[in-house]
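The same subunit A turns up in both complexes below, where it pairs with subunit B and then with subunit C.
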Partner chain A sequence: MSNMGATVRVSQLVKSYGEHVTAVDNANFEVRSGEFLSILGPSGSGKTSILMCLAGFEVPTAGRIHIGDRDVTDLPPNKREIGVIFQKYALFPHMTVRENIRFPLKMRGMTRAQSDVVVEEALATVRLTELANRMPAQLSGGQQQRVAIARAISFRPPLLLMDESLSALDKKLREEMQIEIKELQRKLGLTIIFVTHDQEEALSMSDRIAVMSRGRIEQIEAPDVIYAAPATRFVAGFVGESSQISGRIAGTTEQGGVSVSLDGGGSIDCRTAPHDRLEIGAPATVYLRPDHVTLGAAGGPDTMAAKILSKSFGGSAVSAIGELSNGTRIAIRLDPEEAKSVALDDVVHLSVQPGQSMAFAAEEGGR
Partner chain B sequence: MAQSDRRSLSGPLSFGLVLPLLIIFLFVFCWPIIKLLGVSLFDPAFTLDHYREVLGNDFTQVIFLRTFRVSLLVAALALLIGYPIANLMRSSPPFWAMVIGACVLIPLWTSVLVRSFAWTVLLQRNGAVNAILQSLGITNAPLSLLYNEIAVIVAQAHVMLPFMVMPIYQSLRAIPDELPRAGLSLGASNLAVFWHIILPLSRPGVLAGFLMVFVVSLGAFVTPALIGGPSSMMLATAISTEITEKFNWARGATLSALLLIAVAVLLLIFSRFMQLNKLEQK
Partner chain C sequence: MSRFSLKRLSVSSLVARTAGILGIVFLLIPTVIVVPISLGPDRYLRFPPRGFTLEWYNKLLGDQAWLQPMLFSAKIAVMVALIAMVLGTMVALAVTRGRLPAKKAVTMVMLAPIIAPGIVVGVAMYLMFSQMGMSGSITAFVLAHTVLAVPYVIITVSAALATSDADLELAAMSLGASRFNAFRYVTLPLIMPGLIAGGVFAFIVSFDEPVVSFFLSSVHDKTLPRKIFEDLEFNVSPVVAAVSTILTFGSIGLLGLVAVLRRGLSRGGSAA
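And now, the complex of A and B:
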């Protein structure tokens, strides 16, 4: 049970509603065969509009969509051969699990005998053979999700679209389903485009992530690149935890980055995004990840004095918030042993790993 | 527990609020019906003679059969016309759905009498329908379209249309958009989506509308009396004739009781059917 996933090419896709609302603004991307691409963004960023255009439920205002060698832009959804898994699963409530999974096969004119084999195989794939005769309402959320997956893959589409499909499940179940979906994808060689607002989900499951904001794709890269080298200020702020510190560009570093002197005193050596223009003396914002901050000795290089405002225990680490002398707040991660030596209202010295944080030109109007 | 307490009124208070309605219901609905049943069963001592006579009488048998046949056809015709209207409302943008809904409901504000008379105007020998048929050359002489069963069925279906459209529309609207979309994404044509998804899921609305139209038509008086002739007399008209013209209260009461029993049996069967339906969907 293996088939080749399709390549997907989206070129100059625009979707507007009326004259004033542009949900998708010139999206261009390609998805490789067998790739898991997440489209990540806050609500209203246009990610669902892209998915709806791919599935054929919305007609693009401009642009073309190719799946494999076919230009599907003008094809109706029932001719696209795409498996779609909806946010609320969209199981047919008046059909049993088996009838639900048989539905796409029946629509393709398969006889009962032919489809029986395929249905049993799909049921086995998602481990639901015993529940085949239940009605959807008799299943738990996770089981319904698995039926939706089985139904969407039973007709062997080369492309699977998932619309926030895991958001209705609780955390533990969601993590189990993430693993199951990844296994299934590897086994079937499926191309998956997964729309989500949950960055952890996107980071853990994807081969690549397209981060969207206000209808535009800000960056499309592998998760580790998105996290370590965000291309825009939006990506830096949206993906992963970071504290924003304002300062001015003081000079360039040997590694090709910039040195930012912070408004509250001290300086940090930062990397910059390729297209960001940063001139010496210009205002800049440093996106500092908690991973790059450690407790250090007073007076060392790249250190800042901060007053501890809060500590919260989180299992393997303790999250703390420190306040710089100018009121800027910084998220810090301490290991539990270290955390014991730090009390609330203590002033500690924070050492920042040089060359790890990103600096972007400050927003127009400054912050 | 606490939540339900906050939402509902205390027992005695809610009973007090319902009491006036209960009294009215008991005196103007239950009491007359019990009296009526009494009239049909006591003459003056207990007897089943009236029932024996009515059920054995060819004339009343024909009227009963005709009433059921006409009501079934009315419900079927209303379904045939009403379902597409409800479906159009569902697939229209909200504004147009409202306009169509208004067009369906506004006739309810005019009396059944007026709507039935409108049909007599349309269908009479020199009425609009005959004029159109003649001008199109379909017939030479005016047809007698009034005072027959078909005229009753058409007019009654029109009068009952809102009661068919509304429950169907409600059940269609309860179908989430994702379901037809899922159907399309799985390769179903629009027709297949309608046949396999929309239609079965709207069954509760269809059943409710059908039953409502059927049951109300069984006891309909105004439209059959105005549009139907003596040869297409229905039960309600017959009951009225027995009581107001022949002063045969016992016979009128017996016919009424039989109609009541028939409706009760139908409702019982229907509620069973709906329960099975619900179990199936669970």
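And now, the complex of A and C:
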């Protein structure tokens, strides 16, 4: 029953509204068969516009979209064979669960008898057989989500598009659905393109993530690469937690990175993105992840003195905020035992693992 | 202090309530008073009636001079309702869902016939249709009344569309429905209560329409309101009161039907 997911190729996609608004600015990417690709970005970054173009609800201003070896750019949505799961599920309120799931089959001219088997199978896949005769309004959010999935896969599309589809669920249910969706994808071999602003969701579910900002794809890579080696300042700041510290490039390191002398004193050895040109003496911003900061001994090399401003217990770790002498704030993660020895307003010495943080050229006109 | 304000409040609310009731009575009396008049035995309009008879109803239903305009009006009103339902839905869809430039302007123009003085519309229609030699024809009536009735459908259908999620149509299309099928299987069932209400309004607007009909009617083909006017002019008989009574109860019945339908449909639509 498993069918092969489609490859998707988006080339030079541009979508503008009117003369002045460019929602998508020359997007190029390929999605492999059976891959889970997330398009991650803040609202207004153009991720939804890409989805709308893929689904056929919007006509691209320029560029082509291929699904499998079909050029679908000029096809209407109903000829594209794509399952779409909407943010608010868009279940038909006047139809029962079963009728909702039957709808795509009916539109394909299947008789009731033909579609019965398929509908029951889809219902079983999402474990909703018992609720088949309910109306959508009588279902919980998670159940509605499942109906939306069953409806979108019942006609066996090779590609599934999901638009912020989990954001309406509470945390626990969301995590359950994430696992279910991943299982389903593996079982059916589906290609999934998932649009979200939730980086945790993107990091945990995706094979690759395309990070978008202002209509451009900033980076498209596997989650661990995105996290560890962000290609642009935007990606470094948007994905994962990081503190930004300004300084100047002091020199290069043996590992091919740069050494940044911080404005508030001290220096950090950093890595750089391949295309970022950093000259010695130029202003730079260090993106420091809490993972790479530890409490150190006073006065050691590469340590910074910081005053603890706040602590918050988070289960396996305690998050704290420290303030450097020049007012820069740094997020720190402490293990609970360690945290007990640190009180508010204490001055601690932070040491930074060298060669882990990213440095980018400072934003022009800013800090 | 607090007792005073409390007392003032109750006095003012009493005044408001009385005024409200008087207002309703004032509005209703002319309509209600027609009923007993239509049942009185006198040959002219008299209130209170001296006795009870169904003579005027018998006369009305046995007289071609009355039956013909009634049938003519009904024929027009049915056609108007059907055409207005189609046109009004199309306009409502274009305005609420489409990417129409100058949506506000289009809406204003479409709703203008409600606001424009009836006499102006009437004269304009008369001039146009008489030039075209269509005055008094059923086509002229249907066209003229449709212009007046479409706004009601636009309003009720737009309201229904506003409460249904536009994503539903996109979802239907992504699931393989053509634009038309998405409308037929998803949008139409959801706006049906609003559409039916609009259709009933359109029917009533056309059936009751006096001003445009006054200009367009010919000697042979006249609508019921026009016939009522004529009758009032030449011989004021209780038949007019009988017609009015029938019209009033007919309208109430239709609106009641709409209310029942809406409730039934919305119950079936949201949850069983």
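The rule is short, and it goes like this: the second predicted complex is superposed on the first by the 366 of 367 C-alpha atoms of A that agree within 3 Å, B and C clash if a C-alpha of one lies under 4 Å from a C-alpha of the other, contacts with A are read in each partner's own complex, and residues count from 1 in each chain.
Criterion: contacts are C-beta pairs under 8 Å (C-beta built on N, C-alpha and C of every residue); 3 or more make two chains touch, one makes a residue touch a chain.
Quantities reported herein were computed from a predicted structural model and do not represent experimental measurements.
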{"item": "Combined model on subunit A: subunit C and subunit B, fit or clash", "value": "clash"}
{"item": "A:V14 touches, of subunit B and subunit C: first, second, both or neither?", "value": "neither"}
{"item": "Contacts of A:A229 with subunit B and subunit C, given as first, second, both or neither", "value": "neither"}
{"item": "Contacts of A:A331 with subunit B and subunit C, given as first, second, both or neither", "value": "neither"}
{"item": "First, second, both or neither for A:R108, with subunit B first and subunit C second", "value": "both"}
{"item": "Shared subunit A surface residues [contacts with subunit B and with subunit C]", "value": "55-57, 76-78, 80-84, 86-88, 90-94, 103-104, 107-108, 135, 137-138, 151-152, 155"}
{"item": "Partner subunit C, residues of subunit A touching it in the complex", "value": "55-57, 76-78, 80-84, 86-88, 90-94, 103-104, 107-108, 135, 137-138, 151-152, 155"}
{"item": "Residues of subunit C defined as touching subunit A within the complex", "value": "164-165, 167-168, 170-179, 181, 185-186, 189-190, 268-272"}
{"item": "List of subunit A residues in touch with subunit B within their complex", "value": "55-57, 76-78, 80-84, 86-88, 90-94, 103-104, 107-108, 135, 137-138, 151-152, 155"}
{"item": "Subunit B residues within the subunit A interface of the complex", "value": "176, 178-179, 181-189, 192, 196-197, 200-201, 280-282"}
